[in-house]
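Shared between the two complexes below is chain A, which has chain B as its partner in the first and chain C in the second.
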Partner chain A sequence: MTERTLTSFSLRRKVTGSTLIIYLALIGVLLIGWVLVAVDGGNFLTLETVVGIQQRSAALGIVAVGQTLAILVGSLDLSVAYLISLTSLVAAEIMAGQDSGILPAVAAVIAVSALIGLVNGLVITRLHVHAFIATLGVALIIKGVVDHLYDGPSGSVPESFQRLGYDRLGPVPVSALLWAAVAVAAWFLLRRTRLGYRIYAVGGDEEVARLSGVRTGRIIVATHVLCSICAGIAGLLLAGRLGAGAPTVGTDGGYDLESIAAVVLGGTALAGGKGGVPGTVGGVLLLAVLDSVFNQLEVNAFFKDVVRGVVIVAAVAVYARRTVRRRSR
Partner chain B sequence: MRGIAKSFLGVRVLSGVNLEVAAGEVHAVVGENGAGKSTLMKILAGVHSPDEGSVEIDGVSVSFAHPVEAQRAGVAIIYQEFNLLPERSVAENVFLGREPVRRGLVDRTAMETDTTRLLKELGETSFVSHDLVRHLSIAQQQVVEILKALSQDARIIVMDEPTAALAEHEVELLYRLVARLRERGIAVLYISHRLREVFDLAERVTVLKDGALVRTADTADITSDELVRLMVGRDLGTYFPPRGTETGEVRLSVRGGGNAVLDGIDLQVSEGEILGVAGLQGSGRTELAKAIFGAEPFTRGTMSPLRPRSVRQAVAAGIGLVNEDRKAEGLALRQSVRDNALLVSRSVRRGGRTDIRELLESVRLQPPRPEQEVRYLSGGNQQKVVLAKWITVAPKVLIFDEPTRGVDVGAKAAIHDLMRGLAKDGMAIMMISSELPELIGMSDRIIVMRDGRIAGVLPAGPSEETVMHLAAGEVTP
Partner chain C sequence: MRALRSMGPIFLVLAVLLVLIAAANPFFLEPAGFLAFVKRAAPLVILAAGQYFVIVSGEFDLSVGSLVTVQVVVAARLIDGEESATWWVLALLIVIGLLVGLVNGVITTGLRVPSFITTLGMMLVLSGAVFLWTGGAPRGALSETFRMFGRKDLGAVPWSVLILLVMGGAAIMLMRSDFGKRLMATGDNERAAGLSGVRVNRTRILAFVISGLAAAVAGILLGGFAGVSAQVGQGLEFQAITAVVLGGVALGGGRGSVVAAMAGALTLEALFTLLNLYGISGALEYAVQGVIIIAAVAAGAVRLPFKRVARA
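The block that comes next holds the complex of A and B.
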């Protein structure tokens, strides 16, 4: 009896409605893409495209996993794009083309991002500034510093570290493995640790969490540190791919808004407390597959953005409908 | 608790209050809103710390800097507005903030089995530990709060107006729960406006008025009239205003009204009449109000003056609704009294001018400060603002859904007076209430809802039993 209850419990929770929808949508888009490309005379699911999709999504995916944590706790982080630029520069400068520089560089990137996350979290919790403004302000500060110090790519990443960006094991790029590792770690954190439970609690209702003895400020700060570290890891990955650090790599990729879009596309509530990593992974893959289809069809880039916008809005509208209908019963 | 005093921003809300409760005792705390009950309880629960006085638990003096310290000392408080996360499971809510850990990871099996064990001990079988709280009824959510308290090994449980949101049959269940708590040797502090519950449940009762202790007495030694006098400091006399004698023409009639929830609704309300609507929670009472008001419209049947398809149409036809949940649906809490009171008239009429002072006086808002944000008002005063909002447009039909929920005795009487006054002035009034004495005392006729249908129509002054039998669908003996 207990056994059965527990299995049904984990099953029910693993595939919640929204997550299911996003994966169904993903399969749908893959099929449509396959048909469209086939009609166009191409072959959609080649090794090349599969690898391409994974590589394209890896950096965004890692940022989006961090963003998922921030949004679940009821916050959000607009500073990730500039932080990615900053950490790519920190990494490349410290490595300076030497293998011996890799470890110190990674350590420095983690430290810098943790520090930025700490600042974000403290500004939000101690100064009571809304996360939108707090992280926007921190983003501008980072931008100012980076723009002052650099006007183009700088530093150099050794050959061995660049393999992070391009090597693959069979059809799976190393960068995708890194993304998977980050995602699994975050998923595990949310499902099996007290911090994870409390992230949901604070995001669900901060006052309820506080009155249940959760030190809500600490949870928010810790979540922002983790979110920023994810952005730092993405910075490392992009530095590896570029072979250098670049002051615009984060903003060119639009990682701030795009990561938020991927998270809500994956069914996580923007207000927090509901959703999770599997949905976000689906959201990121969906965006990457769309990208890939449009690239193969050589569609106008502006039209591509229009479709992405429609998809994101439509997805959130579908989730909203479901919630409304459930509530009205 | 001894000699407790507390001031907020220089305003003294409590002074020299003593309160004691023994293990296995149910001790009721009564008083009007603003009497200091909630503040006293929040001091016990560690939300506020007292300016003066001391709190002792089992003879040991304690002082709590944070609610968690109070929890650890065995004090649990169940607020009127539940502290639950709708998107999380029952077990996750019960162990919120205290998740059991094994080898560094949250032990979900332990959470589930402990919650299931507690559910069994309380004899609760209507839901299980992994249900999402969102899917539970208010009564069930209250059980989750009690589970939470029990799992913390609470020895003192404070219940703040536990029946405010419950229907009559759910109150019975709550009585049984409280009895179980008492058997376990838990001290229960029971805050309520409903005097019947005080006498049904409590061994002793403490009356607070204006932040001071008036009296602590055994419930056996005091009558309910005395208690009311102590709370209000004056005789309320007859509890309800006298019924009107004249009813005029029919203001609202529904024939065969129905939608997804309702079916076969036939009713009439006349000028000068108060029509009571009884029924258990989920019987379709609120849905009936919303259908007439056009918020969840009828899809079948006829209605005069018209069958509204939207709220706007209903308001234009002179139908108003004072919502069940005034905080969520009746008021814009962060806006001023003025903005709230004029909300409807601004959205319906153009260029209409209303004298705000006169309006606030007509609903007896005390003090009538139009610039105050409504969230700072007491429950009774908030309800008066909602009422003012409708009076501006002089509706022909006004529906009240639980008009006195969470409102103290004094304000309750004022609202009853206002309702009767409106009826006298020719308004047709429908009143939904879970509180049978109120419903019976106020209504000229009562319709009883059950399963989305009208189960019966009763003349003025039926017995509570008659209403309950109809509502619960049992055959009248």
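The block that comes next holds the complex of A and C.
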């Protein structure tokens, strides 16, 4: 009992450091953006922008929460972008414009994504293929199948399901609520359940975890299943927004590398075992706020990429400095 | 035979693929046919050789794809069809490649940012910056002299094959030199290497610089071979990493040979050629590629259960 309290205590201390930084940075960017837009003659914090930031970040946010789990366990998932395209198509094809198709479609999407996650996890743990190669290979397989079967948007999403993409309760879009629900669920899983503690243990040191009696393979597989299900949920959301499934919706959004970048921006260590969902949420929001500021200032899209690249590297450099300092103390 | 076994099963796979290609297309057995294949493969093989140095030191370089695009787009804009501009632009491209590698290396080692993130950031910065400069789409044109390296022959042998031989030879020599041994030691066990007097950071930076140089050369060849487009380098970073891993080089560092990495790139290219020959073109090609990559790496991992260390 004492041991568990100790672990959770030290985990919490490690996490709050970088989480605090990312939220301070978020507030800083909001303030700077507000000033810049005001100088430019606009008004930054309107209802429209706030809603826009949330809508823009919801899909990436859901994928990034899943990616957080994969990275925490010491793995990563490069197949999420193609999986999003696949699940958007599965959803729209099964719904076929009918309200009665919604439940089967959601069930099918969850099943398909869980299966893909299972394959990812088993290839990594059973066949001993590095996660980078395993998920890249699975990504290529999904891409091949999807591109072979579809040339363009396909299927149709009934209007009742499209509301998931656009409706809102006051200033909060439904999609943001969905994101929040996924994030809270993942946070609860990591902080309050046995599986969560084991994910941290395996990510911290797989060999030590194994020697302490954790079935590391199962934990890694379970994590990949959860990560893929998150991507599937994002696919559902995007299908709702587009009104159809699209074979390029995942890659156009760059959800694979972007989600990894958001997780790392949120202070989760790429090597695993350190970080958490609150940081990732901050990282995704930071990227969305940056985007929104640039849009309002009508900055060139390519300049955005440059800034984004610099911000990601700079943030990780800051975290790295803190770790080194703490270690040397 | 022992040397072959120690280098790994990739050569066997490559041989089988080459035989299958020759069976479907006898022209492949003639010098011209084979050289055309090597010429097509040259950019990827060079990229894989560069990527090998980074991977064996325990890092990743995800920026090479966008660096290739940058090279081609910059060359087209600066040369703009002007023959006389060719040589200084070529020199500039090499300098850009070296510089990008240097920045990747310094940020990774000096600021302790994981190379996955450093080079991912570099990828965003490079592709953003170059299209910011050209206004969204490639502009200008390459000169004939520039395109010579990617598409013309010197006598019977294509220029790109000659360049590949020079680069490959240099890579092998480098890995046999003291630098190669230090690099291998760094990737295998950074702390042990550091304690025995290897300047770990400097060695790693040099590995990134070599990868940048390789990307510059590959970009010059691809510009000539494939022409100017905004997509010329797209996905090349993943192909190069895949090729290196196919060659039996361990992600995480310290294991594998540069010859096998280059053979991995040839294998990948042979695979594409074969799939085309047998009519599996277009989209399904990706699916087959994915299956084969996983299968090959899995086979390598299962065959040597005692040598395999815990997954990095």
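As a convention for this text, the second predicted complex is superposed on the first by the 314 of 329 C-alpha atoms of A that agree within 3 Å, B and C clash if a C-alpha of one lies under 4 Å from a C-alpha of the other, contacts with A are read in each partner's own complex, and residues count from 1 in each chain.
Keep this in mind: a residue touches a chain if its C-beta (ideal position, glycine included) is under 8 Å from a C-beta of that chain, and two chains touch if they have at least 3 such contacts.
Since the structure is predicted, the reported quantities are computational estimates derived from the model, not experimental observations.
**Q** Return first, second, both or neither, reflecting whether A:Ile141 touches chain B, chain C, both chains, or no partner chain.
**A** second
**Q** Of the two partners chain B and chain C, which one touches more residues belonging to chain A?
**A** The partner with more contacted residues on chain A is C.
**Q** A:Ser212 in the overlay: touching chain B, chain C, both, or neither? Say first, second, both or neither.
**A** In the superposition, A:Ser212 contacts chain B only.
**Q** By the touch definition at the top of the document, which applies to A:Asn300: first (chain B), second (chain C), both, or neither?
**A** second
**Q** Name the contact category of A:His128: first (chain B only), second (chain C only), both, or neither.
**A** Second partner only, chain C.
**Q** Name the contact category of A:Ala107: first (chain B only), second (chain C only), both, or neither.
**A** Neither partner.
**Q** Take the contacts of chain A with chain B and those with chain C, and give the residues found in both.
**A** 207
**Q** Within the complex, which stretch of chain A touches chain C?
**A** 123-124, 127-134, 136-141, 143-148, 206-207, 257, 260-261, 264, 270-271, 300, 302-310, 312-313, 316-317, 320-321, 323-324
**Q** Quick check: in the complex, which residue numbers of chain C touch chain A?
**A** 107, 111-114, 116-118, 120-125, 127-129, 131-132, 136, 238, 241-242, 245, 251-252, 282-291, 293-294, 297-298, 301-302, 308, 310-312
**Q** In the complex of these two chains, what residues of chain B are touching chain A?
**A** Residues of chain B touching chain A: 47, 66-68, 71, 83-89, 92, 96-99, 101, 104-106, 108-109, 112-113, 116, 128-130, 134, 148, 296.
**Q** Which part of chain A faces chain B closely enough to touch in the complex?
**A** 2, 5-6, 8-9, 12-13, 192-194, 196-198, 200-201, 204-205, 207-214, 273-274, 326, 328
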